[in-house]
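Shared between the two complexes below is chain A, which has chain B as its partner in the first and chain C in the second.
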Partner chain A sequence: MDFLLPHILNGLALGLLFALIALGFTLIVGVMEVINLAHGSLFAFGAYVAMVIIAEGHGEGISALSWYYELPLWTRYLSALVIAPIVVALLGFGLEFCLRRTYGKKKEYGLLLTFGAALVIEESIRLVWGSAEQTLTVPSAISGAFIAGDMIYSIYRIYAALFAAAAIGLVWLFLEKTPYGAMVKAGAHDGEMVRALGINLSRLQLLIFGLGSALAALAGIILTPIWGLRPHVGVDVVIPAFLIVVLGGIGSFWGAVIGGLLVGMTVAMTGAFASDWSIMSMYLLLIVVLTLRARGLFGKKTALES
Partner chain B sequence: MLNAPGKARMVTPQMAAFFALLFSYPLWSNSVGLYDYLGLEIAIFILYALGFNLLLGYAGLPSFGHGAFLGIGAYAYGLSQIHIAQSLPLGLLAAVIASAAAGGFVALFLAHRRGIYFALLTIAFGQVFWFTAMKWHSVTGGEDGLLNVLRPRTALMSLDLSSNVTLYYLVAAIVAVSTLLLWRFVHSPFGAAIQAVRMNETRARFVGYRVWFLKWCVFTLSAAIAGFAGGLFCLTQESAYPDVMSLHASGLVVMMTLIGGGFVSFWGPVVGVIVYFLARDLLGAHTDAWLLWYGLLFMGVMLFEPEGIAGAWGRLVRHFSSGAPTAAETHREPAA
Partner chain C sequence: MQRYKRAALIGATAVCALIAGKAQSQDKPPLVIGLTSDASGQYANSGAEERRGVEMAIAEFNAKGGVLGRDISTIHIDTETTPATGSRVAERMIARDKVAFLIGGVSSGVANAISQVAQKYGVIYLNTNSSSPSEAGENCHRVKFVWDGNGVNFSQAAVKSAMEAYGPKWMQITNDYVWGHDTSAATKKLIEGYGGNVIEDILVPQGTRDFSSVLIKVQQINPSVIAAAVGGDDLKALRAQVSDLKMGSKYAWINNQQDWADVYGLPKESLFGVFGTTWYYKLDLPGVADFVKRYQEMYPDTSMKVPGNVFFNGYWATRSLLEAVEKAGTTNSHAVIKELEQLRIPAETRMQHHDAFMNPDTHQMQQTIYLATANLDNDDPDDLFKIVSSAAPDTVMDKGSVEACKLESFEDTPVYEP
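== the complex of A and B ==
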């Protein structure tokens, strides 16, 4: 058992990160019944925007902003954590605006449209920042490693896992404890009734899509220091997000969190024994779970099935 | 939409135009700045996309992992050439059998699914096959794939397949025969039953169709056609590699089919494949970001003309021939 403990901890941390990836995705699919295949590209775009804001080794050429580059790294990092999600949320607003034309049609249209959007965002990133691998610099306070017992722990991984747990908690508080959360949940349950109660459903959907996009960007900023930053990182992200949400059950908040933990645990365990196959294990997990439980672990019937 | 059963003519103007283009391509391609090899790619992908559209357009089942079957066909072809014997019929047979077996197995998990559960499971299976191709070095050659799968020197009637033009005519003949068979298939009662499943699965079940079996059959058939195209692809490329199995590649065939108008026309995928390859070569010659423009085109089609180029064309034709409705129009149904 002793030799398993580090793998379990690793799986738990990885699971929280996977849950963070799925958070924005589950919000959008739960309320709007749109599979946002651009989720991964928004994740990548957020990370690239953060890279520009952190500006370590990038963009020092603009002399009018030289005062900004003088600021300490952690100030720039914190401003990236705030500004990049807002920028991506604006892009999300634009995407939702396009998506409106597909509401009321077959659900596949939304999925196909966001698939096209994913390609467009990815190629735009390639055009602006090139195809090469980039790095997102983080302040020294959260980088490095420490030794406890006979294991080396990366400080950044612990920071990222705690950040993910905090983000999950905040989204839960938003959904459960605020009037907006109540509207969101009601909108997911019965949009027509919500509209009849005088709530502006269109605006609510716009906000939710923006929030989901911002969460994607946040996940990008937190995860790319670990996973690396390339234009096509989006595909490596959106499929696990999609998978986790379906695994947990569409529309179930805790389903997504547990799905994320389950995927993290599976990937970490496979990684410990057969590292070549660690990513594949999650697809097998999905196939097994969906074969046994048609709507995932905590899923309910939705319009997405027809 | 998608032509009613029993009313199919053996030859339609679209089919005549397609065959004329297909068989005359090597005669004019060089003088308009295209090349023989491009014709091979287009012809093979037309077969792939036509088979894919059985699933997407006719059965209404969106598969995002179809590249896996193209890849399986290509690997089966390559492996049979390397390990058994250099023979075209053997290779193509291996390609069809392997992809049909894989498709039939996957369809066991999929045939009772609809909507996004279907879509996600096809992604999951596609990724499993892709990862296997990438990681099973001893068989598939890993990321590099199988290299040097030489074209058989004398295949049928001792043709010299090392010439792209000769190979093109062989592939074009195969694609033409397959197209005719597919055309017959979608206009058969079986084809009509599959469309009934798309339009209303519950009603199709009440009428007495075994919906699960129909969906299993069409998935397996579509996978087998993709594998057949994959075998031809390996023959042409003289190699098989995992790239064609990635989600990216599987998504592209969805985009080709829809831009062309696979929802409303048998010929939609043909148009879509031609548009894709011309965009790749003509736009790609000017800008590295041609996929950006292709993606924008796809978004535009999804937003403003979900029936694709074929749908727009059909509306144009109806606009100018207003008055007597054509046979196709009388049987037209609302877009799915």
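== the complex of A and C ==
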């Protein structure tokens, strides 16, 4: 058990991070039935914006902002956690505005548009920040390692897992305890009925796309200190996010969370005992689950099935 | 007055020669070189760096009138770090674009795919930067020349001293593709040859971003030395996670080659262990400072302020090829291959510590292999490496490649004359 325990804990932490990645994706696909292939690029863009806001080695040349660069790293980091998701949400608003022409048409149009957006965002990142590896600096209090028994643990990974759990909790509270959350859930269930009840569905969709984009950015800020930051880092994200959402059941909040945890646990365990299967294992998990339950673990019938 | 007349005469002659040379080069069709380097995928950064090296060598030749009176131009198609794309790109460049030569390769899988197509047509292909031992071993070809040091060369330089310093209990972390497997197998052979044993070899798939399970396992096994053959973006993720856990100093890490494009811009603290390289921009050798200056003049806007080993290989591969064409006096592939097989470059010309030469039996460039660690002695963000040793080519030779490589005969290699 002593041998297994670190791997189980690692799997749980990894699972929470995977769930965080999938959270924004599931909101958008659940309510709008749009598979947002730009999710990974928004993830990367959020991390790059955060890098600029944290300004550790970036942007210090702007003399008018010299007071800002003198602020403690913690302050700049917390600013990044707030401002970067807002910036990315604004980009998400723009993307949703472009998507409107595809509503009511074949699903492939939305898919192609978000795919194109992903390429544009990635190339824009490359143009602005270059293609070399970058570093997203985090405050020293949440970096480094500590020793427990014979093992070294990463402080940042624990922070990231706790942050992911908190983000999941906050999104759940938003969905369950606020009127907007009720509208979102109703929109996911039956958009036409929501419109018939006098709710502005267009505004709701805009809000959802912005929120989904902001969550992608948040995941980027949390994950890239672990995975590294490069323009194409989003590619590493969009496939697991899609997989988790399908595994958990399209549009299901808890489906995405449980799906993320299952994928995290599977990847961690295979990483420990059959590491060459660690990437393949998540796809095998998906095949097994979909074979037993085609709609995923918590999926309900959606327009995607029609 | 007489002196001025003579100077004017010399000047006029030079101008006439330049104009004549230019006119001649304009008469002949340009020599088109196909750049088969990655612009996307795991080795996109390295692909861009090697292209800069190739372009600088070509610019230097064009500045003096091209080669054999022909201007040199390039076309580039992204090989996407994917062997199937590499094959397709090579086929298209030869059949449709009629390129004279193919240059470029970071991923061994891609380089192998390109070289199979090149051999079919008899087109000379320069594998600039992929360092799998199989490239100059079982996958060698008469038309292919390999310019980077390979996994065995780097392991030869590192394993013995690490064994003596840290002990015989080794663990390997291996990228699950051709370069990783070849390098790992070669390292294992050396470890066992020096009396050590590999207690665990962890294979990690390409595209792995989370190494937490592997790093937990490292701690549970607690080896004396960890030999990692992990490349590209996977290595960047591994490096970040090892650095975060402060495991870089707790264990003895032997990394294979660290390509400049993979480390440039990173905090020095994130470089860990001992690793190999074929060149460093701060080598205290004649010509290095001027080479760096030429790079900076040609690429003033690039975010990479100084050239690295990948650039160096791209530059030298191209320069040596064009010099071989000049020496052969023809672009006939067999004649140029024969020139390249006899290639020797003095250390002072090549800006390395030892003379370099092309092994005619494997077509791999034999060159100085350096071992380095992170340079924590100064704050210069570009000065990442501290060179700790340099090994002469004959002391780190990959004898396995010599045994494994069976070059096609000239009779079995089509003649190609662009």
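One rule holds for everything that comes next: the second predicted complex is superposed on the first by the 304 of 306 C-alpha atoms of A that agree within 3 Å, B and C clash if a C-alpha of one lies under 4 Å from a C-alpha of the other, contacts with A are read in each partner's own complex, and residues count from 1 in each chain.
In the analysis below, a contact is a pair of C-beta atoms (placed from the backbone, for glycine too) under 8 Å apart; a residue touches a chain by one contact, two chains touch by 3 or more.
Source: prediction; values computed, not measured.
Trainee: Fit or clash for chain B plus chain C once both are placed on chain A?
Mentor: Aligned through their shared chain, the two binders clash on chain A.
Trainee: Touching A:Ile152, do we find chain B (first), chain C (second), both, or neither?
Mentor: A:Ile152: touches chain C, not chain B.
Trainee: Could you tell me if A:Leu14 is touching chain B, chain C, both of them or neither one (first, second, both, neither)?
Mentor: In the superposition, A:Leu14 touches chain C alone.
Trainee: After the superposition on A, what does A:Ile279 contact: first (chain B), second (chain C), both or neither?
Mentor: both
Trainee: Pick one for A:Val184: touches chain B only (first), chain C only (second), both, or neither.
Mentor: neither
Trainee: In the overlaid three-chain picture, which partner chain does A:Leu243 touch, first (chain B) or second (chain C), both, or neither?
Mentor: First partner only, chain B.
Trainee: If you stack the two complexes on chain A, which partner ends up touching A:Leu297: first (chain B), second (chain C), both, or neither?
Mentor: neither
Trainee: Going by the contact rule set out at the top, does A:Ile35 touch chain B (first), chain C (second), both, or neither?
Mentor: first
Trainee: After superposition on the shared chain, which partner residues are touched by A:Glu133: those of chain B (first), chain C (second), both, or neither?
Mentor: After superposition on chain A, A:Glu133 lies in contact with chain C alone.
Trainee: Hey, what residues of chain A end up touching chain B and chain C alike?
Mentor: 232, 276-277, 279-280
Trainee: Touching residues of chain A toward chain B in the complex: what are they?
Mentor: Result: residues 35, 98, 101-102, 105-109, 111-113, 115-117, 119-120, 123-124, 126-127, 232, 235, 239, 242-243, 246, 250, 276-277, 279-280, 283-284, 286-287, 290-291, 294-295, 304-306 of chain A touch chain B.
Trainee: Please name which positions on chain B make contact with chain A in the complex.
Mentor: Interface residues on chain B, with respect to chain A: 62, 109, 114-117, 119-121, 123-125, 127-128, 131-132, 135, 247-248, 251, 254-255, 258, 288-289, 291-292, 294-296, 298-299, 302-304, 306, 336.
Trainee: Which residues of chain A touch chain C in their complex?
Mentor: 3, 6-7, 10, 13-14, 130-135, 143-145, 150-154, 156-157, 225-228, 230, 232, 236, 267-272, 275-280
Trainee: Contact residues on chain C for chain A in the complex?
Mentor: Within the complex, chain C contacts chain A at residues 40-41, 44-45, 48, 176, 202-205, 207-214, 216-217, 219-220, 233, 236-237, 239-241, 244-247, 250, 261-267, 270, 303-304.
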